[in-house]
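Structures for review follow.
Both of the next two complexes hold subunit A, though its partner changes from subunit B to subunit C.
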Partner chain A sequence: MRLNLKASNVSTTPSAIKELPKRFEPALFILPHLIIFSVFFIFPFFYGLVISLYDWHHFFPEQRTFIGLANYRRILFETDHIYYEYFWRGLRNTLTFVALSVPLLVAFPLFIASLINTEPRGYKLFRAIFYLPSLFSIATLVLIWRWVLNTNLGVLNLTLAHLGVGTNIAWLSSQPFAWISLVMMTVWWTIGGNMIIFTAALKDVPDMLYESADIDGANLFQKFFRITLPSIRNQLVYIFIMTTLASFNVFGQPQLATGGGPQQTTTVLMMYIRNIAFGGGRPRPGIATAMAVCMGIIMIIISIAQTRIIKRMGD
Partner chain B sequence: MKKLMMSLMLVLSIALLAACSGDDNGNGDGQVTAITFWNIFTGPDGQEMVAMINDFNAQHEGEIRVLTQTIPSADFYEVMNTAVPQGQGPDVAIMHLDNIQRYASLAMLYDFDDLLSGSDFDAADYIPAVWNAGLFEGRRYGIPLDVHPIGLFYNIDVLEAANVEVPTTTEELIAACEALQTHVIHCLPLSSMWPSQTLFTASLFQNDGVDLDENGEYPAFNTPEGYAALKVFNDLIFTHGVSIPNVGVDEDLAFFRQGNAAFHINGIWMLNGIIESGVNFGTAPIAQLFGDTPATWAGSHQFVMPRGRSVDAEKQAAILTFVEFITNNSLRWANAGQIPANLRVLESAEFQALPYHSTFVDVSTIQFVNASPYFDDAFTPIYSRVTAAMTTPSADIQALLDAAELEGIQRVDDALGN
Partner chain C sequence: MALKKIEQRKKRISFWILVSISVVWVMPVIWVISTSFKSEMEAVSGGLNLIPRDFTLASYRFIFTDQNNNIFRYIRNSFIAAGTHTGLYLLVASLAAYGYGILQFKGRDRIFWLLLSTMMIPAVMNLIPLYAVMIRFEWLNRLTALIVPGLGGVFGIFLLRQFNLTIPKDLIESAKIDGASHLSIYLRIILPLTKPALIVVGLFSFMGNWNDYLWPLIVINDDAVRTLPVGLAIMQGNYTIFYSRLMAATVVSIIPVLALFMASQRFFIKGITMTGIKQ
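Presenting the complex of A and B:
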């Protein structure tokens, strides 16, 4: 917006022609991003919308037939159809993951950030340690946790057995442990990013607010809920929405750690989509993109709802 | 998302590689025909394949050059699905027997018919079921390389110490495990995931069950025979304690390699991995371990020609020369831990003299799955239910079969356009 205003101001001056290169200067700066954004986002986005309206065939373009909204009808309403089953089961599993993971993925980094914000001795070291797992790739993360969670040889079960609590829990192949494991590794993996944002936000909360609260005799909880949370509201909204969207896109953890099991209870929607689009069986890009579009719409609705709710809570 | 990016990157890099190699070895002046070959051999067998290809390239120096690329089998079909439609697939590739007809039906493969007329390939040289699996609508799409059955590995020292014979039936297995209790930590650890589906399929055939209906379309495993086939694993684990529950992929192998298990069931492709462990072991068939009718599950690797590349006569001749070279040398391939599909090699004195292969399986008991184009749609839904039967003490076997059958029916319905 500011860019446009400035540009229109410039054009009204007599020396507009002289200033012309200057007008394109900002465009030049955003061009690299714009190109990448167009090639990897805008184009695939619209291409995907088109594919979802077809019985798409990877190989023979002449066999692609336009079928309107039939793919959507199939996954949303045709109860006896396999893709209806896959879509709703996948969505249910994804929503389960979102519901289980998002609160922890926000609360836990906030808790850690609050502790670090008090700057105890060695807090810089702990900040680095908590950030470290974020640097691992998904494959590394899952490999580490698969060894930790291994039923018969894993360190977690051995420790539990040593403590006399439970024996041989099948962390990755029985419920509810499979969900607990997936959430646990995700929290461990992603503490870092959100923690950094929270630490920065907490630093900006003016000390005088806490000082006056102390004078008024407020306790720790009152200070946290009445001062800290309202003060970092904007960052909280941002983190809530970004974390929710990231959790919706969960794929690597269940794909590599549980393989979607036991009995497809952790097969998230993204796994079905990828499998249907490219999988070994019988690729159905039309169905897969229709599922992806539906998932996108759900994500948009949820992020709008979240923004509204959090804003209202603040008012 | 990351996996997808990885696959795309892989495809891109392969495309780039292929493009470069095309420039280097084009048919222009050097008269060298370059063929790209994708394989799925990531284990010790892969090294042997590369050695064989190097020998082939050395023999045909200046004429044919085979450029190979190894892709883990978990990603292989995905990469094929994305690369082949873009015209970036290989000239020749390895595919499992139960996928060939589906890919042929999706028009992703060229047939070998014109190429084979006048060549030395003869159906009589091959195990009939293996040879026939490569046929779709009367045309040949696959040329068999090997057969890879599952079998029983046993720890000789443990069995001798307890004076226990190698079991051949379920009853003998249960009795053996009881007798071995004080001699070894684990009797027969059974992974509830891979390769449990191959064990179930073997059990299905041993219990007189079938995988698909006679048209090769819909699932036909939801029968009393199928019930018995699945129940046996639940019983072995939770009633008879033959295996501890919740054994993960390759944990069963690890127990055996450490000498902590009396028995291990795996494919013949694991042979070299077990030899390396230094355990004093022998091999035996599993043909009647889960039921009365002798049957052994086996897969088969076959050569296929993915569609998309322009293929001229010269290139086709080169492909055939290469495939002939590898299949005729499949004794070397046997040493890498596979069983040749070629009967001439299979019946040769050299093969018969191999220490572990001939006791591992009786070739006549091998029973392949129905290699129909709908096998994947109809049958694979049972796999996750096999896992459930092996991890849940009170598993409702009938409900598992019902759920797998329903999913199979719905998938075939979709595939057939019903």
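Presenting the complex of A and C:
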């Protein structure tokens, strides 16, 4: 019986057997990634939504109680709650950083790119110089800048003193200098990528457009706003959104350079989330996750709004 | 003729503006390098001189010989983590890019766009639950925690797939007619032809992994497996008043990425351009 079956199988469907691996071929290619993606992305995403509904201590499975939306209520509405204070102060600080840094992180590289786009002598070297800092890790960045901004020994204050202006500014421990410092080092650190994208975009703007504008007697500003900006609109949208999202994630600069000070004025949301989830004392992953979910939703809403606004401005 | 003159003038003005901004731009790095060659005494003397008065290699000698200084262990750990991650990611991503770009199967594009749309989800939402997964897998304080989760990244697949789509269909069809399997088409045709894109994706995943700070800060507590960015941040606390040594360590930390950049600058620029015109 058994032998028979086997024999008939082989004899009747040789092509089916050959086909079999073919049908699973796509799986061979996409499954390795899909499995990793599911375990380390899809699962955590939904798991995060779940644990934000729990009161949880120390990541111990047994110290976990379901409390529904109470975490969200606490951080969003209960004004006397400490986590309400952390969340809103952190959000305000993060938004301050976004508002201060994003305009510079878009405008300044665009300015540099339009200079480089004229291809002056040694433009490749300039491009490399402006890109170089983006290779550094955040720790290297802060080591460099803490030394540059050192109150008594830093090159910035020494130069200012040499020029006869400024009296030992405490760049990292007094406001508004702490914000200025954080934005300054971030601009220095990250404009490289945006600059290169802009340079490539500007190269693709047809010279013809500028030439006919010249004939019409357009000035530099008219050419910039009427020709350049509309021509690079797609890249502009992309850079605006990516830069905003990157600035939202700010963590290392204040954590390492200002320690969130003075008086927690630069303690950004990411720092509170990390401290609440993993910090010393009593880690509270549930409420920290609820904060992270709120932060994520705000980021999604803002990037959608930005796309809409910039698209509409162009029409 | 007049146009040419205007062009020349524009170039000259651009050149001088770029020179002046560049000077400001390199100053922090020059200042750091300069301090690293000064003695500790001179570093705290408050002089503005960029050329050390008493040039010394003492700080570098200290960095290389101090028993309590772990910077080379941090660098080694970073190399292991970033290198392994990059190798594995290139394998996983190029396979997937072949699946979504070359193979034909039902629901292919739907799955791919679904994957892409997940890039909208901010990473912060996954941070804490992913840590809980690491606990469950017992991956805390292991380099595995720095190597594996990032292999699920979608952006590299997207870039490689875009590149795959530019490969002439005839090439693949004729290989099929010759009886080549998909595995051999992937190995013999796609991989060699997409080499530039593979280098770009490799560079960016290496740099991303090498410079990552927040995730290693959370999952690695054991100094033996610490990677460079977190290690450096800790050294900043240990060497507080030894500015020259601290700056020597900073210079040492820059050298590996600088070497990588020098060797592959054009790929960096190509890669960033590729990501920017994605829309």
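Structure notes:
Just so we're on the same page, the second predicted complex is superposed on the first by the 272 of 315 C-alpha atoms of A that agree within 3 Å, B and C clash if a C-alpha of one lies under 4 Å from a C-alpha of the other, contacts with A are read in each partner's own complex, and residues count from 1 in each chain.
The rule we apply is simple: a residue touches a chain if its C-beta (ideal position, glycine included) is under 8 Å from a C-beta of that chain, and two chains touch if they have at least 3 such contacts.
If you're wondering where the values come from, they're calculated on a predicted model, not measured in any experiment.
In the superposed model, A:Ile309 makes contact with neither subunit B nor subunit C. When the shared chain is aligned, subunit B and subunit C each come close enough to touch A:Ile138. By the document's definition of touching, of the two partners only subunit B reaches A:Tyr83; subunit C does not. Look at A:Phe251: by the touch rule set out above, it reaches both subunit B and subunit C.
Of the two partners subunit B and subunit C, it is C that touches the larger number of subunit A residues. Looking at the shared chain after the overlay, A:Ala99 reaches neither subunit B nor subunit C. When both complexes are overlaid on chain A, the residue A:Phe59 reaches subunit B and subunit C alike. Once the two complexes are overlaid on the shared chain, A:Asn152 sits against subunit B and subunit C alike. Of the two partner chains, subunit B is the only one touched by A:Gly279; subunit C is not. Once chain A of one complex is fitted onto chain A of the other, the partner contacts of A:Gln263 are limited to subunit B, with no touch recorded for subunit C. Looking at subunit A, you'll find residues 59, 137-138, 152-153, 249, 251-252, 270, 274, 278 touch subunit B in one structure and subunit C in the other. Put simply, subunit C touches subunit A in their complex at residues 7, 10-12, 14-15, 17-18, 21-22, 25-29, 31-32, 35, 43-44, 46-48, 91-93, 95-96, 98-100, 103, 105, 108, 111, 115, 118, 120-133, 135, 148-149, 151-152, 154, 157, 182-183, 186, 207, 210-211, 213-214, 217-218, 228-233, 236, 243, 246-247, 249-250, 253-254, 257-258, 260-261, 265, 268-269, 272-273, 275-279. Within the complex formed with subunit B, the residues of subunit A that make contact are 58-60, 80-83, 85, 137-138, 150-153, 168, 170, 172-174, 249, 251-252, 255, 259-264, 270, 274, 278-284. The part of subunit A that touches subunit C in the complex is made up of residues 25-26, 28-30, 32-34, 36-45, 47-48, 51, 59, 112, 115-116, 118-123, 126-133, 135-140, 142-148, 152-153, 155, 158-159, 162, 188, 193, 196-197, 200-201, 234-235, 237-239, 245, 248-249, 251-252, 256, 270, 273-274, 277-278, 285, 288-289, 292-293, 295-296, 299-300, 303.
Across the complex, subunit B meets subunit A through its residues 1-4, 7, 77-78, 81-82, 84-85, 99, 102, 106-108, 192-193, 244-248, 251, 254, 307, 376-377, 380, 384-385, 387-388, 391-392, 407, 410-411, 413-415.
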